[in-house]
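Down below are the structures I want you to see.
Heads up, the next two complexes both have chain A, just with different partners, chain B and then chain C.
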Partner chain A sequence: MRNIILITSKEIKTYFASPMAYIVGGMFLGLTWLFFNTSIVPGESNPITESNVRGYLEPTTLLFIIFSPLITMRLFSEEEKLGTLELLLTSPVKDWEIVMGKYLASTVILISTLLCTFFYVILISIYSTPDFGPLLSAYLGIILYGIATLGVGVFASSLSSNQIVSAVVGIVILLLLSFLDSLGAMIDGIPSTIFNEIALNYHYGDFTKGVIDIRNIVYYLSTASVFLFFTIVILQMRRWR
Partner chain B sequence: MNKYLDNIKNISADVKPFVTNLNYWSILLLISGALSIIFGSVSYFLIIEIKDFALSVIIAGATLSLLGILISPKSTTLIFKGRRGRYGTNTLIMLIAFISIVILTNSFFILNSYRLDTTATRVFSLSKQTKKIISNLETPVRANAFFVPNDPEQEKLKTNAEDLLGEFAKNSNKFSYRFTDPQLNKTLAIKYGVMQYPAIIFEDLSTGKLQPVYEKGFNPFSEQDFVTAMLISMGDKQKVIYYSTGHKEKSLSRDTTTNEISDSGIDYFVDGLKRDNYNVKSINFDQIEKIPVNAAALIIIGPTSALPKKHAQILVDYIATGGRVAFLLDPNPHISWNDLINNWGIIVSQQPVADPLSSLAGSNFLTPLIQKSNNQFVPEINLLEFTGNDKSETKRIQSITDQINAVFFPGSGAILETIAPADRPPHVKNIQIAVSTGISWLESDIENPKFDPDTDIRGPFSLITIIESKGPVNSNIPVFDLSKMMIFADSDFVTNKWFYSNQNSDIILNSLAWLAEDYEIISIRPKIVPFRSLVVNRREREFLKWSSGLPFILMFATSIVVWWRRR
Partner chain C sequence: MIELKNITKYYGDFPAVTNISFKIEKGEIVGLLGPNGAGKSTTMKMITGFMPPTSGELSVGGYDIVTQSIEARRKIGYLPETVPLYTDMTVYSYIEYMGLLRGLNKKNIKSKVDNVIEICKLEDYRNSLISKLSKGFRQRVGISQAIIHDPEVLVLDEPTIGIDPNQVVETRQLIKNLSGEHTLLLSSHILPEVSSICERVLIIHEGEIAASDTIKNLSSLMSGKNKIEADIIGSPQSIVTELEKINDIKSVEFSINKSSSEFSTFTIETEINSDIRSEISKIIINNGWGLIRLQSIGMSLEDIFLQITTSE
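Moving on, here comes the complex of A and B:
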């Protein structure tokens, strides 16, 4: 556990020491600001809007397809490019501790960026009385969604020494996972159910409505754990390949 | 041409060593066999419908693996015994084990899911009864929803319909739904006879029977709308409820040309009954000899003229055969109506009830408000006594008022007992369902309501009473089949003006469902879906617009500071 904490804190420090972190975070918040303004803030055409977070958190899931791989792309790719990955793998730290340490760091970064959007909730609460149940469940959902996308991002980062390639691979996997439910909607029967159950977006809708379903929580945690396991396997394969 | 032939020859030369190499075939067969076994096993445990197919895939996989071993036992040994082979096999086993655990865990939670509805009014929790109906579906049912995308007015209804249909689908694998743009897919819209949108057509896929649900003035779709449509599409027989005409009762008021309704009509009430899956018909006693045998219940809503003897006899005959009647009588009804119900030892008062403690504001105390918080609904202990400790019947009667927090009765009278409880024969039982408060009274001067101890009678009074009888009170022995009646001392609360106020609609529809013995419907009343609006003035809007950019600005400013420091 100590090793995980050490790796996590080292990664967080490295991340926040770079202006890139703030630029990525800034872009994320800039876009959520746009979503908030178009969906929640009453305008000339829609003088009365509903005081919930559904309007800006739903499109935020799309942002994760790009932002999660951007956050995680350097985790293993950079280590491999600089040649420090060999050092890390030969140090007295287990492979899963390395993966978990780096993954937790990216999770902390993502959640801290996401929590900045809670400022919008404060603004909404000043001028109306939102239903806090769906509001909190939507945030729980987006955090779980983020956790799953970060798992994919970490895995993609372990595949290549080139950060751009890692990010692109991560984005492609996430795009596939996100829109499988659209494919599921085009067909009937069991294949449709399977596509829906695998799709990232399919499990998010309930959270924004205010429904916390244990199936969805298990799905996101499973997705993250499967890709983290793949990452561990990739690291282990380096030893004997 | 020669170039192509050379190319083909080269390719053949490259491939030949593989094709002729038994080791290659052995490895290929082993890999295909292993993959087939994995795929087959996962399908076998997860998809019951293709169990047989999955089993054949497993067998085929095992055969392929065995064939691979037999073709070249040496290469098989090498795969498992070589350094890379050993590590590779270990990794493969670990991967298979891990993925199997993940799939099994997910499957377990899919089959044993737990859902927590965090909305304030539990909007997304289907009633127990709906869940029961959906999970017991015998034939597949599909909801075909027709909405025009990007239409702002339809968008909200679409979200509402999608949420509800999603909840339905989560409770049964026999229920499915699909959304179609009727403008884009006109053929499908025509096939389902959709002429106006939005519309949702419920379809029993085994019989092809359809039942549409159309939007009503852009009101959200309700769970009840869908359950009713689903039941009808599945061939559920509709019960018939009759409402009487010919005694100047309240009636339908919709103008067929303008579609407008009047406050005094009962259009919303009739629509509510139809939503509860009843076939609602009017009945004029002058045209009949007896109440039709298919009547699940009969309603008499605020008659103001006399009840002719012949009509009274028709009613008595109906009640004698186990009839179910709801009398909604306003104070001071024509004496002939009181004479009729006096057969069961009750009458409706001539004066209205004034209740200063619990009445609608601005009504001069003359609109009694019945509230759960005031304990104005019948307590369970009284019901148990009424039903002779029959707990299931107690629960059924209780379900009429269980979910009701407040209802009001504009200008309601009181139901008075004309026979002392001790003198009441055992085959006539009555119970007060809703009562006014203890300080209410019967007011003689409605212009200036004020309690006068000399002329006014002090409450509490029953405003709703249930009677179960096997004969009139003047008979010493039971002479009828068991009949059930509900007497309301007001009829205004079901008119268009008041029907959707508070929970007036729920109490009357629940009562009818109890009379018609449709206890399931009672628990599927539409839920309140609050729209929590964000309304701001221009100054506040500008503040919201720009202040919400604060996190972005701060983050961007920090990036400049960090860059400046590291420069």
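Moving on, here comes the complex of A and C:
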């Protein structure tokens, strides 16, 4: 645990020391602000309703497809490029501790950026009386969604020493995972169910309706775990290569 | 402290290291010597646990590097050839992070880092970003991270490569000072470096150990012969004919001195345990030639190295 915390805090410090953090964070907040504004219907007696929450949080899930790989792209690519991976892998630290340390850092970064959007929730509660149930469950959903996409991003980062390549690979995997349910809608039978169950978006809908289904939580957590496991495998393959 | 038994490493189908075995005792200072691509770095990467051998047994401090990797790695300080550094960190925070990663306590980390910074003479650069440092200073930061946790075994891969001559001398001195407390394995293709720092040399050639001994033993063992150098005034051809009459002489070669045409320099190879300098001087005087210099020289590490790596 000590090693994980050590790596996590180092990665967070490094992330916020680079201008990248503020560009990506600013972009994210700017876009969510835009989504929030377009979801407000002016002229109505109750201009902000909880459907606004769905209105701005749902497109935000799509933002993660780009946002998460941008957070995670340097985690392993940079180590490989600088050669510091060799130091890390020869330190008395287990491979899974390295992966978890880096992954946790990216989750802290993502959640802290997401917390900034709580500003919109404050606005909503000032101008209307929202139903906090669906609001909070939507936030839980979006955090879980983010956690899963970060797992994919960490995995992509372990594949290449080039950050751009890592980001692109991450985005491609996430695009595939996100839109599998559209593919599922085109066909029917068992393949359709399989596509739907694998799709990232398919499991998000319930959260915005205020339904917290344990299956959806398990889905996001296991997606993250599977990709983190792949990352550990990649690290070990690197040793045996 | 370090023990390799029949270690082989393949990269795909290519054998980088084949069936090498050696043992390094506690406190020894050993140089791993070989031309580029001989398998030095591969060997070090296996010792430090970066990659496992394809076959064979490798242990550090009694711990198997594959099955008890974490315990073994705890004992090692390692400076890879590329000197990996987080360039966006300051010298202090980098060394601190590496120390904590190697298991040092948060409580006494500060005094440890300060101590290492002093040893490596980095005081003036404590809070500088590593990206702003010159190659020589980066090398010192690299060495600092290798010794921060006081490892029993220190593995340095080409520690003086790519830095300017002044800094090479300083870095070598630094390594020499360290050698007292650690078991040290150092790789190099620069011979004087190895002969000035190390007690024992392992010569590695095409993935195999070609020789392993102290420098002194190697030079006498290797050769089976001794060398004498002499500057003599006189006709070179007749000098060679006369000298070759001496029993123990194996060969005589001469080169005409370019700076002064007065004398020629002769290199005379003799049997190992015979000193024939007095006989040579007698012959020179009897023939009326002029003797300027007569010197016995052992085989240098260069000679040994060339002999081993070319004769096979």
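Things to note:
Just so it is clear, the second predicted complex is superposed on the first by the 230 of 241 C-alpha atoms of A that agree within 3 Å, B and C clash if a C-alpha of one lies under 4 Å from a C-alpha of the other, contacts with A are read in each partner's own complex, and residues count from 1 in each chain.
What we mean here is this: contacts are C-beta pairs under 8 Å (C-beta built on N, C-alpha and C of every residue); 3 or more make two chains touch, one makes a residue touch a chain.
Because the structure is a prediction, the values reported are computed rather than measured.
Superposition note: with chain A as the common reference, chain B and chain C can be accommodated side by side.
Look at A:Gly210: by the touch rule set out above, it reaches chain B but stays clear of chain C. Residue contacts after overlaying the shared chain place A:Ile164 against neither chain B nor chain C. When the two complexes are overlaid on their common chain A, residue A:Ala17 makes contact with chain B and with chain C alike.
Counting residues of chain A touched by each partner, chain B versus chain C, the larger count belongs to B.
In the superposition on chain A, contact of A:Ser137 is made with chain B only, not with chain C.
Contacts of A:Thr84 after superposition: chain C is touched, whereas chain B is not reached. Residue contacts after overlaying the shared chain place A:Asn3 against chain C, while chain B stays out of touching range. With chain A fitted onto itself, chain B and chain C come no nearer than 5 Å, counting C-alpha atoms only.
Contacts of chain A with chain B, set against its contacts with chain C after fitting on chain A, overlap at residues 17-18, 240-241.
Only residues 17-19, 21-23, 25-26, 29-30, 33, 36-37, 40-43, 46-52, 116-117, 119-120, 123-124, 127-131, 133-134, 136-137, 185, 188, 190, 193, 197, 205-206, 209-215, 218-219, 222, 225-226, 229, 233, 236-237, 240-241 of chain A touch chain B when the two sit together in their complex. If you check the complex, the residues on chain C that touch chain A are 11, 45, 48-52, 70-71, 73-74, 76, 78, 80, 82-89, 97-98, 100-103, 145. If you check the complex, the residues on chain B that touch chain A are 47, 49-50, 83-84, 87, 91, 94-95, 98-99, 102, 105-106, 109-110, 113-120, 123-124, 152, 163, 166, 173, 176, 178, 530-536, 540-541, 544-545, 547-552, 555-556, 558-560, 562-563, 566. Across the complex, chain A meets chain C through its residues 3, 6-7, 10, 14, 17-18, 82-94, 239-241.
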